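First subunit A sits with subunit B, and in the next complex the same chain sits with subunit C.
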Partner chain A sequence: MSQFLLVLVSGVASGAVYGLMGLGLVIIYRATDVVNFAMASLATLGLYVAVSLHDRGVATVFGLLAAVAVTVAAGLLVRETVIRPLGQGQLFSALVVTMGVSLIAENLAGSVWGEQPRDFPSLVDGTVRWSGAALPVQSLVTIGVAALAMALVGYLFARTTLGSAMRAVAESPATARVVGLGAQRLARISWALGLGLAALAGCLYAPRSGLATTALTAPLFRAFAGIFLGGLTSMYGAVVGGLAIGVLDNLAANYVSASFRDTFVFSFTVLVLLIRPQGLFGTRTFQRV
Partner chain B sequence: MVFNRSVLARAALGPAAGAVLMVFMAAGAIPAYQMYSVALAAVYTIVVLSVGLLAGWSGIWSVGHPAFFAIGAYFAAYGSAHGWALEAVVAGAVTAGAALGAFLGYAGARFSVLYIALLTLAFTTVTLELVNRWSSVTGGDQGVPVLQLRSALGLGVFPGGGTEPQYLAVGAAAVVLALAVPARASALRMRLVAAKSHPMAARTVGIAPEAQSSLSFAVSGACTSFAGVLLGLITGFVSPDPFSLSFGISLIAACVLGGVGSVLGAVAGGIYLTWSPSLSTAVGVPQPVVQGLVLIAILLFLPGGVVPFLAGPARRVLRGVLRRPAAGHRPSPEPPEPSEPPEPLPALGPPAEGPALLHLEHVSVSYGGLKALEDASMSVRQDEILAVIGPNGAGKTTLLNVLSGLTGNGRVSGTADLAGRALLRTRATARRRLGIGRTFQHAEVFSELTVAENVLCTRRRIRAGDRDAVARLLRSVGLAEVADRRPTELPFGLQKRLDLARAMAERPRLLILDEPFGGLDAGERALLAQHIRRLNADGTAVVVIDHVLDDLFSVAHRVLAFDFGRTIGDGTPDTVLQDPKVRSSYLGTVGSRARLPDTVGERSLIRLRGTGHSYGGVVALRDIDLDVREGSVLGVAGANGAGKSTLAGILHGSLRPAHGVRESSGAVRTSLAPEGRGLFRTLSLRENLEVAAYAAGITGAALRERLEETVQWLPVRLRDRMSVPAAGLSGGEQQMLAVARALIVRPDVLIVDEPALGLAPALVDEVYDRLIGLTHDGLTVVLLEQSLSRAMAVCHEVAVLHEGVVAAQGRPGDRQFAALAESAYFSGGPVPATTASAAARTSQVK
Partner chain C sequence: MFRTISRFRRVAGTTAVLAALALTASACAGQDSASASSSSAEIHIGAWLPLTGSTATYGVAEKVGADAYFKMLNAQGGINGRKVEWTVKDNAADPQQTVQIARELVGQDKVVAIVNANGTAQAEAAFPFVLNQSKVPVLNEVGGTENWYKPPRAGLFGTQTLYEDQAAAVAAWAVQDGAKKILVVHSDPAAFVNVAEQVAPVAKKADPSVEVDRLPVKYQTTDYTPVISKVKAAKPQAVILILTSPEAAAFLKEAKLQGLSLPTYAYAPVAAESTIALAKDAAEGLKAVQLVKAPSDDDPAVKEFRTAMAKYEPGQTAGFLALWGWSNAKVFAEIAKTVKGPVTAQSLTAAYQKASKVDTGVSPVMSFSASSHLGTRSVQKVVVKNGVWTSVGDFYTPPARG
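And now, the complex of A and B:
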């Protein structure tokens, strides 16, 4: 039982990370039709900056803030220089361009900070005992911080006029134009928000995995699986899908086979999508002639 | 299959180049250390071709090909360790690749391009994990050697890593290229491209997109697995490294670089993949950076690829060198005039009295809670032309979609019977075989096929006679001159002819025409009417819907009128408009004039002079002169498709007119309540209002104040529901909210586009009362209306729009104008607009 609790908590902690990343992906996708493959590698750049600051004795919290700031800045640079010139509605081209950006960013990180994996500082150490299981505090902090971030995002979208405007643009760019909403400004805000969430997710994930140039690729893929499971355009779907993938992933690794966790996660996702192509929270679209 | 000589000549280029290359290799002209690279380039060419043609022809972008590549390579390793023959290894790899590809293609057809990217990404990830863990077969990350494979057919022994496999690779690539060239000219490619460029239109010509993508992915996967076997043989050793996801990204880069869907481009891509490591060494930049930069640069600056980019100029240079005039069948550079010989117009035959071909009983279609068609019953005789009329939203297009099987996820009930076959239970793709052809309102032609291919793709296999038959068909509709052009290069009128030709291609028993006259000029419409009659004279039954009533009535034996999803009238073209129910569905029924403010300013707030607009060759508005006077209510009345919404956008300022000028006096603030309400359905009422104020730069306390003020304007029943999503409102309530949203920015001019659309009469009155109430506060209103009588009842001034032109303009109080306006509404004016018969009918309408 205590073993199961441990697996469950670590699953929810991973799922919270995937959910945060997925949330970032969905926010950017809804606002600008770009599936941002480069999100993980841009966040990795931020993490390296955080580690460098940590090595110079800067407090971890400031390091994390720096990571978010660097990631957001890099993301906005990418959007303005290579994504925006592509024009609207270029789904696949935009995806491939971000793949190219990802290759470059990973290589840049490798050449500046070296290919050797490093440790990433955790916010807290130690464990707490609860019903017979020694739960790592870092996992609980991860869950707490992610939940707080998700709640803030929820507040932004549900309770503020800016959030309403972002939802409006996502729902119908054409109507948003008629009403006169500034699409570019909202797109930039969405990118900044999405990348900030990715950097935060990276900071929560890296203490367990260590930091390498491709450290965030695995959570990015799981976040992908999560958002497709959730329905690609739904923010709830991203969170729920991410959590589901995280828990499944850990259950499979512990009770089935640690060697085949990708196989398990992706087969599950594809099977669900074969039965329900629009995902759990997505809406089915119908093309009219 | 029949190929002309140039196809065969081009197909021979691959083997010829391969043979030359092999001679060079044998003669030692290629240094030994480059031999491996040449063979690798050959292998990569096959892979890039597989990925590129899949993307170009089927629109499926796969990042799963590294997995197929790996499957082939491990087959080679396993086979060599277990003494399999070369042919057995190839057969095994190809079968495995084809089976997995068919599954991915089938699954992928249900998804959009992004889902396929995830699906294939998952496929690569899973395959790599299996390769890494299943070390008894794959050797895990240590890899496994490929010893040698012996050919069972006596081609010799191919030792892993030896020189023989290098020749084999080059030879194989040559053969694959040679096969790819004739495949370009085959019906297979046309059907794949058709299914990709317009899946729905493809269904109506009998092409099932799922089957097509499954087939093409199977072939692509099989080819890549085959290339994997070759890779195993030429390297002599297989490890997981070459099959990473970044190889998948590089493959896409290579495809895009060479030109997606181009055979020669695949060769360029293969060469790039092979030598990009050397390239990055040469420029001193790490390889991933080079690949990333190349990828981004190509997509940004040369999205068509290098080979197609160079091919045009190269062909011109080549032609210049050869000093040969352009070949006879080349299309002329300027768009040709319709070169139809003037034939006598076949007269419309006598009213049809043949047996019924099509019979519909109690057919209803609903989408969620919305009933698009309600209890429709009708029959069409074998030699009849039936016209279906009705205002916008009456359910006409839904009726056509029921006949052609394109109702999507709508719920269809009732029965339909076509010559004894139950129609509703037949799949859309099978209805073509039952003898149903259809055209689309916007001419949904396959934009990536040539004009001739658009028609040819309706055949599964192209025989010798087919090309002639298609040529004859194209000549008969006046498209012979442009047979080799892409439809996108043609004016809209010719695209519609192509749509018709495609529908006619296999002599359907029932032809369904969706607004065939819309967007055509007078000459084209006369020509089309002629075609429809000729087809009917040859024994085809026709069901046609349109808003251009003159033209419609000139070809119809019988007219069926629809409104709110139901049949409301039935008669001959001469009598149907006399039915008061039918007339009022168009003109509306409004008795008394509303109380408008008496004083109207003379100052023009917005002035249009010579303003026109068109969308991709379709003229929506031409030469509009219009003044919006301060404090007045200006009505713009016109049938659906007359250009009202375009005019609304131009007056609003959100649409820039293509010609002419829009002037406004000083800082006039305009606000638009668009057609169909244009609410953000997932946002609450309050959020809808807030967002509009936010867009105008109003925030904080000012926003709250505006919100307060605007909410007061809304009916009480809405004020209590400010936090409900807008989708939950009824049509009338949505319209009220849309107007309120337009008001929150305190506009000088409020433009309301079809506020009555889809509303019950009582609600229409409420909406109008509130609009008129606004004018008493000094607001200037522009009202775009489908119903002429309603516009006459509530406006100071009415302009009647007919086919993009202001056909009449005046004040509703003026009796002469009232008569003028009605004839302008239906036919553009009291003077015959198109034909003499139209004038006759116009007088009847009066």
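And now, the complex of A and C:
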């Protein structure tokens, strides 16, 4: 029982990270029709800044805030300089551009900070014992912080004017413009929010994995699996999908095979998509031909 | 219609002529490089290294280590009065790029040997042009597999104890320490599986009552919680890690969190500074094997390395990987010193075939022959003590495998 609890908590913590990243991806995708492959690499730049500040004696929490700020700034720079000129609805061009930006950001990080993997500071150390299991406090903090961030995002979109405007732009940019909503301003806010969530996810993930230029690539791909599982256009789907991927991944590693954990998780995702192509929470779209 | 056919014929004819010219030029290039020799003032050698990309950690460190050695050597007068010019090109760990670099090094730069390059797949991509066509030797490459040396290939000489022999060494070490039940935790790609499979035969040869199990783990796993649960359930007396350095660090951190305390052994890729940097105090007591002595040793040869690094590569880490580069450069220099007359691809190959008891002081004593192109099977045992890799005893040759 204690081992099951340990594996479950660890899976939920990993899933929370995937869920946060997935949420960021969905927010950006819904607002600007961009599948942002550069999200993880841009967040990695922020994490390196956080480590540099930590090495200079700055408190970890301020380092994390700096990571979020740098990632948001880098993301906005990318959007304004290389994504926005493409225009609305250029899904595949934008996809390729973000892939290119991702490689550039990785090389930049490697050039500035080196390729040697580095330790990333935990917010908290130690364990708490519960039902015989020694649960890492960092995992519990990860779950708590991610839950708080997701709740705030939910509140923003459900209860605020800004959130309503962002949803309106996501539904129909042209109509939103007619009623006086600034589509570009809202797109910038969406990018900032999405990248901020990615940086936060990175800060919660890196204490376990260490920091390298490609450290966030694996969680990004699991986040993608999560949003396809949950539904590409659904924010709830991104969170639930991410959590499902994290938990299934760990349960599969423990009870099936540590080697076939990915195979199991992605087989499950494929199976769900075969039955429900729009994902668990996505809406089915129809196009006239 | 007729105009189209006529144009097609013209294009086809031109293409055929160009292809013939290219083949002739290529053949000439091969002949040139085979007989190329360094000028009387210098010995020109080259290497492909991953200076960017995912394995740049290895390439950059290997480069600065070898650079420090060659700079020191040149300041002392070089090899028999000839300076060494070592041209390094970044292949970003890409096999296709390596082939292009090999053509530049051999065809344009006229190097007489490839020395201290890096990468198994990368080198294999370049072998047809470098070894077979150009007859330029590939010396002291970091990487490689058993079939590179069995049977020996003309012009290919290695200084790195095979991963399989490293696994044999840690297996024997664990049995010597009294372990009766060993669990090998390894990544799942074939390269890791092959190494992990070497543990059981050697352990059973040392003590037939020893039980050995394997636990394959998905490559690049970061969450080791379920893996540690499985290790606990298996109740081994020792664990052998055939993982990358970040994976091993993740294993050690999670083991410490879950209160798992077992004698843990690893092969050379884990015996890296990055393992300690990532795992911190969870790495304390980790035992591993290495290709060279620990860079922190008081040994005079290691001190010389640290001094040269501080002088010629200030700001760079004088770690294991840099010491690999240093050691490979020194092996080359020691053997090249025995060449009488012009230093050519052929004379270097002949010198390597006759080289015996090449002692760098930092790596095992190397011996080569016409039938044995791998200089050593020995390793250095190292342990993490007070957060630093520390050598244990002298170089150790593992029992024969199979």
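The definition used in the following text is that the second predicted complex is superposed on the first by the 287 of 289 C-alpha atoms of A that agree within 3 Å, B and C clash if a C-alpha of one lies under 4 Å from a C-alpha of the other, contacts with A are read in each partner's own complex, and residues count from 1 in each chain.
Definition applied: a contact is a pair of C-beta atoms (placed from the backbone, for glycine too) under 8 Å apart; a residue touches a chain by one contact, two chains touch by 3 or more.
These numbers were taken from a predicted model, which means no experiment stands behind them.
Of the two partner chains placed around the shared chain by superposition, subunit B is the only one that A:V97 touches, whereas subunit C remains out of contact. Shared-chain residue A:A134: touches subunit C; no touch with subunit B.
Look at A:N107: by the touch rule set out above, it reaches both subunit B and subunit C.
Once the two complexes are overlaid on the shared chain, A:A244 sits clear of subunit B and of subunit C alike. Contacts of A:G182 after superposition on the shared chain: subunit B is touched, whereas subunit C is not. Taking subunit A as the reference, the larger set of touched residues comes from B, when subunit B and subunit C are compared. Touch criterion not met for A:M150: it reaches neither subunit B nor subunit C. By the touch criterion defined above, A:D262 lies against subunit B and subunit C together after alignment on the C-alpha atoms of chain A. Applying the stated contact rule after C-alpha superposition, one finds that A:I27 touches neither subunit B nor subunit C. Where the contact sets of subunit A with subunit B and with subunit C meet, they give residues 107, 111, 259-262. Residues 52-57, 60, 188, 215-218, 220-223, 225-227, 229-230, 232-233, 245-246, 249-250, 253, 257-259, 273-274, 277-278, 280, 317 of subunit C are the ones touching subunit A in the complex.
Residues 3, 6-7, 10-11, 14, 107, 110-111, 114-119, 127, 134, 136, 205, 208-210, 212-214, 218, 249-251, 253-254, 257-262 of subunit A are the ones that touch subunit C when the two sit in their complex.
On the side of subunit A, the complex with subunit B involves touching residues 35, 82, 85-86, 91-93, 95-97, 99-104, 106-108, 111, 161-162, 164-165, 167-168, 171-172, 174-182, 221, 224-225, 228, 232, 259-263, 266-267, 269-270, 273-274, 277, 284, 286-289. For subunit B in complex with subunit A, the residues that touch the partner chain are 61, 107, 110-115, 117-119, 121-122, 125-126, 129-130, 133, 199-201, 246, 249, 252-253, 256, 286, 288-289, 291-296, 299-300, 303, 367, 397, 401, 406, 408-410, 440-442, 444, 514, 652, 654, 672, 674, 678-683, 687-688, 690-692, 694-696, 699, 703, 741.
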